[in-house]
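Please find the structures below.
Shared between the two complexes below is chain A, which has chain B as its partner in the first and chain C in the second.
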Partner chain A sequence: MATEVETSVRPRSTPRRMLDQTLVRHLAIALAAGLALYLLSQSLSAFDNLQLATMAYYFVAVAGLTVLTGLNGQISLGHGALMAIGAYTAAKLLEGPAWPLALVLVVSTVVTAVAGVLAGAAAARLRGPYLAGATLALAVGLPSIADKFPGFLGAANGISVTPPIPPGSLGATFPLERWQAWITCLAAVIVYVLLANLVRSRFGRSFRAVRDSEVAAELAGLHVARTQVLAFVVSAACAGLAGGLFVVVTQLAAPGAFPLALSVALLTGVILGGLGSLMGAVWGAAALVLIPTWSDDLSKSLSLSTNVQANLALAVYGVVLIAVMLAAPGGLQAAVDRAAGAVTGALRTSNRSRGSGPRLEEEKET
Partner chain B sequence: MRLSTRPLAAAIALAALAGPLGACGSDSGGGGGGASAPGVTKTQITLGGHFPLTGPAAPGYSEIPQAIDAYFKSVNAAGGVNGRKLKFISRDDGYNPANTVKVTKQLVLQDKVFGLLGGLGTPTHSKVVDFLNASRVPDLFVASGCLCWDEPGKHPWTFGWQPDYYVEGKVLGQHIAQQFKGKKVAYFLQNDDFGDDGAKGLDKFVPAAQVVTRQTYEPGNTDIGPQMAKIKASGAEVIASFSIPAYTALVKLAGVKLNYDPTLVVSNVGSDPTTLTGLLKSFSKGKAGGSLIEGIVSDTYLPPTGDTSNSWIKLFKGIHDKYIPKLPWDGNVLYGMSLAYTFVQALDKAGANPTRQGIVDALEAGGLKGPGLVPFRFSKDSHAGYTGVQVGTIKDGNLAVTGKPLTSDDADAPNEPYTQTQPEAPANGIPGGS
Partner chain C sequence: MSRFLDLTLNGLANGAIYAAVALSLVLIWRATRILNFAQAGMLMITTFIAWSVIDAGASYWVGFVVALLSGLVLGAVVERVVIRPVEGAPPLNAVIVTLGLLVLLQAAAGMIWGGNPRSFPPAFSIKGYDVGGHTVLFSPFDLFTVLVVAGVLAALTVLFRRTSLGLRMRASAFEPEVARLLGVRVNRMFTVGWALASVAGSLAGVLVAPAVFVAPNAFDSVLVFGFTAAVLGGLESPAGAVVGGLTVGFALSYVSGYAGSSVVTLGALVILVAVLMVRPTGLFAPTQARRV
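After this line comes the complex of A and B, so read on.
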């Protein structure tokens, strides 16, 4: 473990070798994560598999948003609406001829990416609160478009689709919820690999350069607006895929499923996990799914009146958010990094049987 | 290097993720010995439902699960049904269909309920009907008047309860055609199945020439100024409204602003006097109140909450005062208790060891006599609830019913007066007298 941390700090000799190493490393992590998720899904109950699937599509959306906000410095309050585009595309396609699910998901990703080009082009001209305001308008306005086309988009009632049927080769009793978890987790792992490579590539560096100083980035020869639009498109594509996966899990696309609260929740996930961190997006997605469930169970176990109970869950959710932000201002991933650093530091200390010197060094490093 | 993805961190994250999830998965649910069906033990039957306990749809509607629970508690205090206590789990979906899917699966897969009772809302519940029927979970008495719950061929496990909006529209339409002959009528409709089904019913009786304008509103957008301006410009003397309580109140307030006071004819779901008075007070910051709702024409299929001589009102008001005295005594509480009563009656008929199929058979056998003013339509071929409504006018904060209850069907049949008297409530409050 200690050597791993050291290699990531040590400078690489040639760019070619570094790219190879990065790709191999991300694929290895993805493989390990995939295996862990497979084993996890085998041991979980039906409802918990559903929670896992929900986490997976939240991860896809939160990871896309963390690239946009954390790496490129653009804030978006409209990602719930972009998810709606992906979800409606997937629902319309699943309603019609029997397309393979993978193709449906790819198409909803592409359609949302195209919408992302439009939104991104507008977003690249706006800064700070103006950008937040514009994307907020997207979140508020877009889902109600469904009301204007009751025949095509089903108005307030939305569109319902049939659930994905697990292939017969898995056996007749294979639970649907596990199949949904597999589909969404596979998509989440693929998105992880793609994004992890993207942020370590030339594009990732230009995203960061534009975030840190637009003037400096422009002087360095970067096209600022184009970089910002590209970041928005990548992020929108993720939101679109998340929307498609949402349909896989819930079998519905309806305006009520994409309220402003969803867009805000995605941003909450980004910040809770750690701005700009893909591993943080895992934490953020887990928090978005588990905290409401836990706080709900907690308030239910307290035998209070129904009105207090229902609202206590929201209050507990808020308290947890505040507590996390106070305890780990850099997000959960920063806290995990610090804990991991402390553990490796302590290991090194005991190996060398010395005092607390190295731990101080670790502190400084992070 | 914020994005460095250290394997150690990844491993810790996954392990931490797996821990709590695994812990959740190991709970055993509500099985146990002596079970004739999921959610049934020797001593208890667990039921669940999804309701808007938070969010914009919560005011009023959040009382329904508490009323169901209160009635169950009163039954439990008297020994339960065939020795089994009734447990009711209400989960909050905030009227968001995505949450409805989540909490319904939680109720069925994790809480292992015997069945759903009173799942609330059309856009919400329509997203879980397929799941419940595929899982063969009784989906009883959906709290919505959509025609779509009455599809025994496609959804054999789903049953409605309240009269559907089409039947309600037919009865209100006939009332308008008879009482407001030749007057100009405007429709004010919620822009979904609720408004659509209601308007179809109205159109069966209100002559097309009399209808001067049809306006719709989107739930969530509280600015109905443009629609009301158009209705006023059309010169309508009567507004027929299929709206939820908040929008009924907004119509009244917009009328005050425009100095325009036509007769308002409102669907049952949007006309509870207590809820409306509260909404008017809160919307106008205390300037308006109960006096505005006087004269609203509406309908009911349950005895009016203010009819204290009625045996059902006496029974349910007593349970309300004992178990949920902090809630207002209003139509929502009456609704929840009446619905719970109907369920207990069906459960009693399903025998000493109820099964999921057993309760469906008991309902399809018919013969339930509940708090309603009209009979149920339940049979092998129909999973629709109450067959009709009685028209009334709000006087002194209560609905004063007139004439006879009218029953109808979901096709072209005329509205027939229902002449049998309402059955008396059982003395101990429990159907079957057990």
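After this line comes the complex of A and C, so read on.
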């Protein structure tokens, strides 16, 4: 906090000073990431571009869940269902008259955010296992709405839409997969900038304050319930956008695409990356795409049965969730930080990581 | 009117099953303050084991006993291996571990038995009783279900109120430090609690299996119903779990009968949220100050 005040007072002439500013730094990172993704997508095959697009929408969802669980201490097993809301909204809009895609994505984000207000208002009253159970009920219950309205929501078959068409100016042979990767990566970069700033802002600080001690936060003048609802809404909006992007990539919104396993997978991504770290969400999302691909390759090369192949990724998620909680309760990112701190032996580093680190680890020490 | 009566009877049978699931959740919550999301996976595994035994040609009752015994062993093993390290840790850790265990068990079942639902035989006929020319929605198997769950509740009550083991278990859950000072092997009591809970869960699995078939994620909704029931009952008392289970059973039977079976899980969600909005720690839970 103190450093931010200082930088706003100091003259900001040199580029180094400019980079000290949160917004400038995040925009610079985003620009660099965008350029890297652009170059990457040029060199990737169609399949790899689809993988990249998948990673991008997973990142959006995992980053949103990181804000909720890592920063605000609320767990949600229902983010798969929130993604379904975004996906169905996008699919209904894409089915009808030709709306611009950006508008469709914005609308699915907003609709899911509104759903997030309802879910968040309920969640703000619940703690720990009760919240987990209620959101679990959401994940299991919500997709069944599609069966209730077969005409409108297409029952088990869901709604299929036509894929987005790359603009003609890019050339007639421009591959669809690269276009999908561009759309999703652009959205992911925008989400990164917005969330990175949010995390460093007044709101991010109040999220963390409420997570660490509700009573202390309340004494400091924060409205605890309102803060929790806000965190839920931000997180739901991300899930909604991820759902919309899911439709862009797969051209389908169906109940079977949003099982409980999806919610668990998102949580796995958050845990893997380290709770509360946006950079962690990047490689959490990458892991969610790569684990199924690698486990498929592995089972093919070992010629395992299809039963094993179909379930290997799920098994890995389960093992990861248990192993990380038993071996490194702060997530892998915290373990890496701690290892780095031990190597350098710098006391300062370990103090800082304790101050901003995830709550899971801190409580164990007390 | 006869339809309402049918739905009520059907709700009684389903409610007994939800009560058994709720019992398994409540027993673990009481003992270790952990909500066991893996229960759906554990009872799925034991039901699959029973299915394999019956499929190999053994009688139904052999499969039934095998399910309960494997539940006993599985519960104890799970507690010793993965739950012990997170006992006393922040609640989020335990939630994530049990969730990881749930998907791990589902994946393991998928690898061993495949994803196709298998039909599971009932103990008795599932054809409804004939009352004055009208076939009611209540079969001999439903009667068996209700009686078995009532028997389990009675046995648990006797165990907790009348036996030394029950007293030691209650002491371990209520005041672990004092219990330990008095020579109670608290950790062993936790293991026993998990094992007993897992038996109640595997019983629910065998009882509900004829209706939902056996598949790796066939019991997800049963877990939601059981959780709803347990929360209704306040998560603290076995009797509350049974009352909660029956309430959920009746309510969902009416939802299914009058609004369509596809919205049943949604109905459970509505009940759960409504209850939690009024009482965030369940209907019959004693009011408790949150520790700062």
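Things to note:
Convention: the second predicted complex is superposed on the first by the 283 of 366 C-alpha atoms of A that agree within 3 Å, B and C clash if a C-alpha of one lies under 4 Å from a C-alpha of the other, contacts with A are read in each partner's own complex, and residues count from 1 in each chain.
One rule holds in what follows: contacts are C-beta pairs under 8 Å (C-beta built on N, C-alpha and C of every residue); 3 or more make two chains touch, one makes a residue touch a chain.
Every value quoted in this text rests on a predicted model; they were computed, and no experiment measured them.
Within the superposed three-chain model, A:271 lies in touch with chain C and out of touch with chain B [touch as defined at top]. Applying the stated contact rule after C-alpha superposition, one finds that A:44 touches chain B and leaves chain C untouched. Of the two partner chains placed by superposition, only chain C is touched by A:213; chain B is not. Once chain A of one complex is fitted onto chain A of the other, the partner contacts of A:77 are limited to chain C, with no touch recorded for chain B.
Once chain A of one complex is fitted onto chain A of the other, the partner contacts of A:314 extend to both chain B and chain C. Residue contacts after overlaying the shared chain place A:132 against chain C, while chain B stays out of touching range.
Within the superposed three-chain model, A:259 lies in touch with chain B and with chain C [touch as defined at top].
Of the two partners chain B and chain C, it is B that touches the larger number of chain A residues. By the touch criterion stated above, A:115 is placed in contact with neither chain B nor chain C. In the superposition on chain A, A:340 makes contact with chain B only, not with chain C. On chain A, the surface patch touched by chain B in one complex and by chain C in the other comprises residues 144, 147, 259, 305, 307, 310-311, 314. Per the touch definition, chain A reaches chain B in the complex via residues 1, 4-5, 8, 25-26, 29, 32-33, 36, 40, 43-48, 50-52, 54, 70-71, 144, 147, 150, 155-158, 160, 162-163, 177, 196, 199-200, 204, 246, 250-252, 254, 256-257, 259, 274-279, 282-283, 286, 290, 296, 305-307, 309-311, 313-314, 333, 336-337, 339-340, 343-344. Remark: chain B residues 1-14, 17-18, 20-22, 24-27, 53-54, 58, 62, 65-66, 69, 90-92, 95-98, 101-102, 105-106, 109-110, 122-124, 126-127, 130-131, 191-193, 218-221, 326 touch chain A in the complex. By the touch criterion stated above, chain A contacts chain C in their complex at residues 69, 73, 75, 77, 122, 125-130, 132-134, 136-138, 140-142, 144-145, 147-148, 213, 215, 259-261, 264, 267, 271, 305, 307-308, 310-312, 314-315, 317-322, 325-326, 329, 359-360, 363-364. Remark: chain C residues 29, 34-35, 37, 82, 85-86, 89-97, 99-108, 110-115, 216-217, 220-221, 223-224, 227-228, 231, 260, 262-266, 268-269, 272-273, 276-277, 280-282, 290, 292 touch chain A in the complex.
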